[in-house]
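Next up, some structures in structure tokens.
First chain A sits with chain B, and in the next complex the same chain sits with chain C.
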Partner chain A sequence: MDKPVNQRAWILVLPVVILVAFSSIIPMMTVVNYSFQDSFGGNEFFWVGLEWYRELLQSERLWDALGRQLLFSSVILLIEIPLGILVALCMPKKGWTASLCLVLMALPLLIPYNVVGTIWQVFARSDIGLLGRGMSDLGVSYNYAQNAFDAWVTVVAMDVWHWTSLVALLSYAGLRSIPNAYYQAAQIDQASRWSVFRYIELPKMRGVLIIAVLLRFMDSFMIYTEPFVLTGGGPGNATTFLSIDLVKMALGQFDLGPAAAFSLMYFLVILLISYVFYTVMITTDKADAKP
Partner chain B sequence: MSSITLQKLAHAYNPDTRRDADFALKEVNHTWEDGRAYALLGPSGCGKTTLLNIMSGLLQPTRGRILFGEKDVTAMSTAQRNIAQVFQFPVVYDTMTVGQNLAFPLRNRGMEASYITERVQRVAQMIGLERHLDQKASSLTADLKQKISLGRGVVRNDVNAILFDEPLTVIDPHMKWELRTQLKSLHREFGHTMIYVTHDQTEALTFAEKVVVMHDGLIVQIGTPQELFEAPAHVFVGYFIGSPGMNFMPVSVEGSRGEINGYTIGLESDYGNPVGRVVLGIRPEFVRLTKGAGLPVTINQIRDVGRQKFVNATLFDTEINIAVNAGVQIEADMTNIVFDPAMISIFCDDWRIEGSPLQKLTEGVA
Partner chain C sequence: MTGEATTRRRRPKMRLSAIIMTVYLLFLMVPIYWLVIMSLKSNSEILNSFTLFPADLTFENYRTILTDPSWYMGYVNSFIYVSLNTSISLLVALPAAYAFSRYRFYGDNHLFFWLLTNRMAPPAVFALPFFQLYSSVNLFDTHIAVALAHCLFNVPLAVWILEGFMRGVPREIDETAFIDGYGFTRFFTRIFIPMIAPGIGVTAFFCFMFSWIELLLSRTLTSVDAKPITAIMTRTVSASGLDWGVLAAAGVLTIIPGAIVIYFVRSYIAKGFALGRV
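Our next item is the complex of A and B:
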């Protein structure tokens, strides 16, 4: 059968091409352009080729920031995913308490990022903050502005506070979609609570958990505002994650070339890791489906 | 294995139980005899599933007791009761293989590994899943999944009864027949008490030795398929069993004489003087078209369904159906009907009434 060919159909795609060009492609190509050049005052640019990439790949600064970033993402995933599932399991199943829980859980998600940072900045301050002051009154030495470990604990706690409810809400939706017959069958089969979780709830939540892991990974890997407001990347470089480092380089030092090279590599890393995550999860899905 | 006795069992989903209408299941007294195959038949929402879930212990009844044999199990958990239940939608444990699925109830009961393997093999053979034992359960079709559900039930050898809750709903039509046949042979072989919930009368009538018909939270009749067909105990049974259902028409009865719009109908029993709303019920199969004799009807439509023709007609103000065998010619002047007197049922306020046999007639016959 001959398919009708009409080249004018391309015109229909044009609006979206223009939109995407101006919102993504052109800005991105500018960055690509910068990454191969050196800039001086007065808008003078020189071609340097792969110089910035070479320099960055050899700099300890980038690798340290990447290491911190990976550590941070792993820690918050390890805490937020199990905690979110646990919270979802404990939430009431119906009635007004369920609605109340859903609203309360959604609240942290609605607060702007810099407000979250400010809330925790004040909360953890050792002179006036409830947490900081309380800790020192209890005799626990805690100062996120001076101690790297304390700073980390605070940043992680803040992220967990901010985002666990997202995981919980997704898991809750997954749990609610399990037909009652599964629980009844498990009861008849005399399955333990753990078996019900392991063999019914967890497999049924798989889809939403993949999404939760992907979302939380990408978001935490790009985290900027909250730690910037809370610690500003300090003490020292203890909480300087990739994006904070990038902003320091681009706006603090105004090194446009290296910063551009940095952001491109940053982008590729996120793309790569997300792709790997996705493929691994989809292939195991398919392997399960095959006989 | 033992019989299951329901004593004054009732259930309401709301805590408010002052009115009769608050009960999804009104008072039920019934004994399921050991080793028989029952069908629990009724329209959606009549309380079938409620009754089933109470028996398996998934639901605690508001009132009444359940006995297994002589033992009161009302307060016992589902697992303690040793009941197997197959649900409307196939329930399998997705991450396990078919074999692991079948072994699951035994493993949870802490059985020995060698016993489990042997038992799983045996059950798989029984229900035709041997070839699939090592496959992931999630990869199978709905009918095979439903077999796994069944297998998880019968894999325990101490099962008291197997309850089926409309198990063929999501099965393809051509597989339904096969599964049902397999259930019957399973029943013959192992003699579990089987209770099969359905709203499909063909399914109920072909599966069961005894059919329990429920209507609006009540058991209205328990009987063999033939009893349900020939002597429905309630107007609902007459209407629900058979396709098309029983014909009903208002009648005034005095002794063994019925009267419809001035026409007299001879009855085979003496019904005395029933008080209330009296109707006569007759199955389409027992109405005969005649020329001249009997009640006058206006024929509206004739449907040919192959083996039979169904004639839709109006008798005074009531619409009735008449079944005519394929070989019989329907002629234009066949505008009257007669009823087979032995097959006439009389209902008073929806319930069947039995008349006393006529003395003279029995003597004459004898």
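Our next item is the complex of A and C:
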């Protein structure tokens, strides 16, 4: 699949470049600018060089938040990707049940982030929530507002509830693109269900799974609103993820310098991990496509 | 005969997958059910008794929202900037995705990754600089400011999804059209766009979705005139104590537009996802 070289294609890309540059490069430059300065009274700035970076790299607060964030994103990927694939495999292929499943599954995706937080808040609260009350009626001690572990379980459950459908819908799309002949061939070969999955369905889903993993990684790594509404980062700092910490610093305490330095490092970490994901997946894609 | 064998072997598996599907859908629906039920209860019932159905059905919470402009204008504002954003994203992403899917050009791979990096940028990083940028060009508290800000993550995503769909259209079609004397614009609008209509539907759905549910940027960039409903909800929660009933009703009302959009694109999602090699 060799595409012809055509430099005039730049004209087609130009609007996107201008638009995204306007909303990305200019703000980014502001952030870079702040990260080397100390603000005083809101409009006086002093050059402080790498001071903020040095301070941040030594602050336990940042490393703790980063650790929590990495743990959270790994848990999310480990649960949502297999579960999403499983759900996609179980979805009806046609008829009204298929439409119904699609509509119901897409519903959580279209709920605003803070409403998701609100839903889980009223669902899990131990005084008015179905889950919270139900758990205590069953004799399980559960209180997400006080127990760090319960808070984690609730935040993870909320994210699984919110986003597994995205993985499932993407996988379903991948599955639907497999021609029936593949399955018939597998049946003639008396292939087991597992080998049908491993050698036909999984390779065909790789393209959409790349998107699913990347999207889920990026979004879980910058999760802000849902845990903010649900737990406010608590109890203590148990669910204070990077974005919550950053907003606290930038808009709460108005520490422009450190917040800007924080932003840049945060962005670079996401960039680095995503780049690794992207390259690994693209190269395996090419390696598998060759033979 | 093979058909009979298939059904016999398939049946236990079908039942298992039906069970898994039911459990999953229940898991999705129960929290939403609780929200809907709560919006139909009075506050005293929410706080004092624990009931699975509202004992005293009331629409008072909805009336509060639908008669107060400071509430319902939030929905109007959200709608305006989400529609603006979806149109802008599609408009600029269509030609760009075509270029990426059809041609190699200087720096194409780097450009593509650079676009994606903007999808990866945490909105929290951009909140403060956006506030200053849009204030300095006098766009603060306008719908277009939020729409443009949301382009940051929606345009790269739109390019990404559309590129996948366009790659699925054989290049021979373009070449044939050009030989037949179609100019680029005419070919693009008359032949190409109708061919990838499902892809455009899916892309619009995603743009709508990500713009509709975003809170951090839309809250930072607005104060009164363009304040989205999601931000109004957070403000009301913190200001007037916790009016659970009204909060739940406002939540339900934010779900409804999403449900309507899904209903309209449902065949597109199924068909679009299946056709496109996303």
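Here is the rule we go by: the second predicted complex is superposed on the first by the 266 of 291 C-alpha atoms of A that agree within 3 Å, B and C clash if a C-alpha of one lies under 4 Å from a C-alpha of the other, contacts with A are read in each partner's own complex, and residues count from 1 in each chain.
The criterion applied here is as follows: contacts are C-beta pairs under 8 Å (C-beta built on N, C-alpha and C of every residue); 3 or more make two chains touch, one makes a residue touch a chain.
Given the structure is predicted, the values throughout are model-derived calculations rather than measurements.
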item	value
First (chain B), second (chain C), both or neither touched by A:Ile270	second
First (chain B), second (chain C), both or neither touched by A:Tyr199	first
Partner chain(s) touched by A:Gln187 [first = chain B, second = chain C, both, neither]	both
Chain B versus chain C as contact partner of A:Val153, first or second or both or neither	neither
Dominant toucher of chain A (residue count), chain B or chain C	C
Which superposed partner A:Lys3 touches (first chain B, second chain C, both, neither)	second
Chain B versus chain C as contact partner of A:Ile79, first or second or both or neither	neither
Which superposed partner A:Ala145 touches (first chain B, second chain C, both, neither)	neither
Touching partner for A:Pro179 - first (chain B), second (chain C), both, neither	first
Those residues of chain A which chain B touches in one complex and chain C touches in the other	187
Residues of chain C defined as touching chain A within the complex	2, 6, 13, 16-18, 20-21, 24-25, 27-32, 34-35, 38, 46-47, 50, 52, 88, 91-93, 95-96, 98-100, 102-106, 108, 111, 113, 115-130, 132-133, 148-149, 151-152, 155-156, 159-160, 164, 209, 212-216, 220, 229-230, 233-234, 244, 247-248, 251, 254-255, 257-259, 261-263, 266-267, 269-270, 272-278
Chain B-touching residues of chain A, taken from the complex the two chains share	179, 181-182, 184-185, 187-192, 195, 199-200, 203-204, 288-291
Footprint of chain C on chain A - complex, ascending	3-10, 12-13, 15-17, 19-20, 22-24, 26-28, 30-31, 86-87, 89-92, 98-99, 101-115, 118-120, 122-123, 127-130, 133, 161, 164-165, 169-170, 172-174, 176-177, 187, 193, 207-208, 211, 218, 221-222, 224-225, 229, 242-243, 246-247, 250-251, 256, 259, 263-264, 266-267, 270-271, 274-275, 278
Interfacial residue positions of chain B with respect to chain A in the complex	53, 56-58, 77-79, 83-85, 87-89, 91, 93-96, 104-105, 108-109, 135-136, 138-139, 149, 152-153
